[in-house]
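You will see chain A twice below: alongside chain B first, and alongside chain C after that.
Here is the complex of A and B:
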């Protein structure tokens, strides 16, 4: 299913599948070694039956561990396709009045859920676990308000994945700044006209968002009772024009990620880097199996030498439906799933996620199999994660991301500047928010 | 007494149909109309309880849909695409039907099934399959004819090709069945008058086929107006198809990508109205000719 975009029934489904860190299917099949989970305290409201929409692989196995230990709260996993479609499906179900009790919510979609009044405030239930997460991640589930709308499950700090063997062959140093990355891109074109250092994908707004975050973008923010929308801010324009320039001079390819073309280029060694998130090993192992052991990881190139910034591509939280009759039970399960050491251990092993709790991030040991040549993989990830900065997502990310795809498709096709596409994103976002009546600060 | 009892019977028999029609057609249509006249209004940040409510906006959504330049550009694209698909698909279907019907054809059964088979492949699968054939680094056909099948102008032809490939079989079958229903003695009479096979086809078969041709054309017009599968499934592979390439794609985008069910409802009613006008308009134009004797 992950092999390429065409694999899914509607290719759209996968587009964003890959934006979510939870998705990476390199889950090993080791059985759970600890059958007992958090002890069940007597639930006063009697046995609660909960449904949970998620697309994390093997979640049913993890939930079984909970169900065996908690006869009072029985959770049923309903496997979803993931991505934007899953968010749309949840919003539709919420509007129709029959949403699941629990839902996996990507950080960028959570504000849409909140705006649709589809997720419950878990402030009191989550008070004890707040400290287990970094402030940046916690902000993504509170939007900087007093309410808590979900419990962080995984995160996707971005790193630079590169073909170590081909870098050595061409005598290219691992770029530490984007300036060096551009130089390396030109070098690759000279040394091997068939290969590219990387590609710019007009189909993956999540990746672009992460790169903009790294540069310091703040697309949305809340001040008082109004939204501030600044998608076309200076850092974002800088990132857009940087990639636009490289594509224009043909130093960088424009094949979208997760397409059969991209898979083939990865497999044939015609793409030397992929600025991606911590969940990339799962994608690479299924989409480019031939290159196993040839990839290595480094921090993202920086805009200014000596900095240590990154952004997020993907990551999700567990949210509780606003309509569930079993809010307390649902919150209890969500808390266990995302903070209990045994549950996190299972999430890492079975669902191959990069956990959200600070403690679990630093406790990761063995590198992913695909990166067995890089024993310090998780240490690298933790170092990058520390410098990763995100921003508050707005209530209509769907509009913004759709405008990204249409805008950058057009820019690539017509050869127009990328910053114009960024402006189109800003305009579409603001127009949509105005139409709905959101208060916007100018 | 007796009369009224008998009068109730037809309604009793009709009940299942009426119930199903109401539940699955009338109610959804009514709900669409209802949605199309509403909109959410957000106050302040739009977060939390009660910040978002639904209000009645009358025909605002319709006005916005009609004034939307993107939608009309979509119509233009679909018009070009539709002319292409309709012409080629129905032309081929007619040709194949006539060939299969001619007495001299060999392997008629096999050919019939072979031509029909693509219709059995679901649209999404067919488009993905063709998508692979179009992609530069994977395509075997590019070795033969090296063009960018997913370029700005070629992509319409590539999509039309998928639709034609999938649609010829069905239309051919309709036409072929109609052909088989024509009394054979007409052909014999024509032959006695000295008509060749080609003349029989042009002068006897096609005129007799007109009602079936009209039928397939109307079906195809409706299907083309609703084109969605091909561009949606090809979109991830190319940057030449926007999210509003066809009117129905815009409805999908509004409803499920940008979460505006109300605009989507209004736009879909506009699309339904245009489909109605186009198919009835076509029927009106050809009715006198096609059904003169009937």
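Here is the complex of A and C:
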């Protein structure tokens, strides 16, 4: 619980400190800071030394390849904890005036970095590589504006992972629509009362966001100077009520993902599917190593038969700090890291990411070892990726995500409708944005 | 955890039924329950650390696994042995911080207890107020201040805020007031000892058991501290164990958490604490008794 709350605590404490006065300059007191930044920009003698906050495993090995080839731009990797806390920490460091030069930024947190003026616009530096990414991914780093705030690194299109052996045993067909998924869930309960087809996690807003995206949700959009917030839109309520109904009739479980109980259920074969993202093989192979070769992958069930939509869960970009004195060097490194074939190859092999560039996605050959029974794993992923749709994230995703956890925890506990929890997310998001001074179009 | 509380409640009920005759057993039983409550999680970490990743979630909670030595080897090999670096950092923060904090607490506590000077009560009340402010609340303001003077992301950023410890000063004052008789100091003054000499030769030796307590408190508090180093430090080469192990747990949405390494790391990181307590405890007891003899 502490780790979940930490991000929120940091954010709150920071706001309080900023509001409470002129003790230290933070927030938008940019002019006061510029005198110290100016001489640094003027005299970049010797090699540019860059620090890079990331949580991708083995990034130090990948960066070593760069450092050996580029003696004048030396990058130091500082491995951080990932997730929401990392975003809060970066914002705190940026406001205090000592952020790293480069930072791994999850797509959903990038808008909060932009709102805090913490990341640099890389429009000119990235003009040549724009075409390497799909339009959907590129929009996540531009928010639909002219500016470019990061270079996409990895992506997490969602797919349905299922236990092929148990599906065969119970005679269940792979569901192609969510209606079929619900039917299959009821069948599983009848055939094996100890098992569930799946579970709804009230601790993973990222997964729910992806499912809402698949249904066509648009939680935020920018029109002119103001934001439009529509977290409780029709597609989102549809998704929430669908899962709420299944949980209520006990057709699916409510164990949160990534908990010991969930791991145990996976190992015991008591969970038959996991609607997850393309990175799931890594998690499955580490948490349920014995089920190797028993899982298979299919596209997510659709809301209307014949469609081919998906959403994103996870994925991040490399952003450059707005305060770095070495912006050009940092952009050069970030470009290399995310578009150079050799670097992407290393990212895939060493850091186990699903690359963001379209070319690299289709070039992936051998299926993950855990899915060696499914040789077309990456082809499936590329097909799903083409139909995945995201949306513009707002500047306070952390608040929305915390409201998700609070609201859905409560809904599960009290048996109240999930759509009420979605409305609570909307209200919390709007209230927080108003408080922070964003203009909101109604 | 649910299992533990259920078991505890069950025991309590069973005990309530038979407790009417031997009342003398009740406190012992209660303490035993407390001990089980406190030691069970440690026991769980010990067991879990012996399990290989495959066994961790598939074998029974209380059965030992077979992967302990593999886990240890893997942990030490993780990122070229960064675990040792984190352990050394923790030792610097906890050892250095606790020593400095004990010194500051002892001197200030002694001064507050044995000297009358204007503002003494004001200072003491301010310190009492300081006890009421949780360190967590101060972490972000401290970070912004340290950024301002350019010390953020340095060892000092973690060491300095922990040196002034209001509760330690409070303990030292209480202990000094009780353990150092005024007449002893008077006698020393009559014999011509200076104030420095009085403090270092007469007062501080009498305060050693209290200082050991303060040292232990601070050492454990800093060893376990998470938020302050998490906020202060950006360079993963300066992380203490708590923040370092956390990077294994929160490995990002698309990476599996390295549970077996975290558990093994957690187990190894409490070994020094246990060792410290066992050795210091002996010292603690002898001094308490030696101080009792007039």
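Following the convention adopted for this analysis, the second predicted complex is superposed on the first by the 396 of 442 C-alpha atoms of A that agree within 3 Å, B and C clash if a C-alpha of one lies under 4 Å from a C-alpha of the other, contacts with A are read in each partner's own complex, and residues count from 1 in each chain.
Keep in mind that, in the parts below, a contact is a pair of C-beta atoms (placed from the backbone, for glycine too) under 8 Å apart; a residue touches a chain by one contact, two chains touch by 3 or more.
This structure is a prediction, so every number in the text was calculated from the model and none was measured.
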item: Which of chain B and chain C A:116 touches, first, second, both or neither; value: first
item: Which of chain B and chain C A:409 touches, first, second, both or neither; value: first
item: Touched partner set for A:251, first chain B, second chain C, both or neither; value: neither
item: First (chain B), second (chain C), both or neither touched by A:96; value: second
item: Chain B versus chain C as contact partner of A:260, first or second or both or neither; value: both
item: Which of chain B and chain C A:147 touches, first, second, both or neither; value: first
item: Chain B versus chain C as contact partner of A:396, first or second or both or neither; value: first
item: Touched partner set for A:436, first chain B, second chain C, both or neither; value: first
item: Partner chain(s) touched by A:85 [first = chain B, second = chain C, both, neither]; value: both
item: Residues of chain A that lie at the interface with chain B and also at the interface with chain C; value: 6, 9-10, 14, 85, 92, 95, 258, 260, 264
item: Chain A residues touching chain C - in the complex, by the definition given at the top; value: 2-3, 6, 9-10, 13-14, 17, 23-24, 26, 51, 53, 55-57, 60, 78-83, 85-86, 89, 92-93, 95-98, 100, 106, 154, 156, 206, 258, 260, 263-264, 266-268, 277, 279, 282-283, 285-290, 313-316, 352-354
item: In the complex, chain C residues that touch chain A; value: 53-54, 56-58, 79, 136-137, 139-141, 143-145, 147-148, 152-153, 226-227, 230-231, 234-237, 243, 246-247, 249-259
item: Chain A-touching residues of chain B, taken from the complex the two chains share; value: 39-52, 124, 128, 131-132, 135-138, 152, 232-233, 235-237, 239-244, 253, 256-261
item: Complex interface listing, chain A residues touching chain B; value: 5-6, 9-12, 14-15, 84-85, 88, 91-92, 95, 111-112, 114-117, 121, 143, 145, 147, 202-203, 222, 225-227, 254, 256, 258-261, 264-265, 395-396, 398-399, 402, 405-406, 408-410, 412-413, 432, 436-439
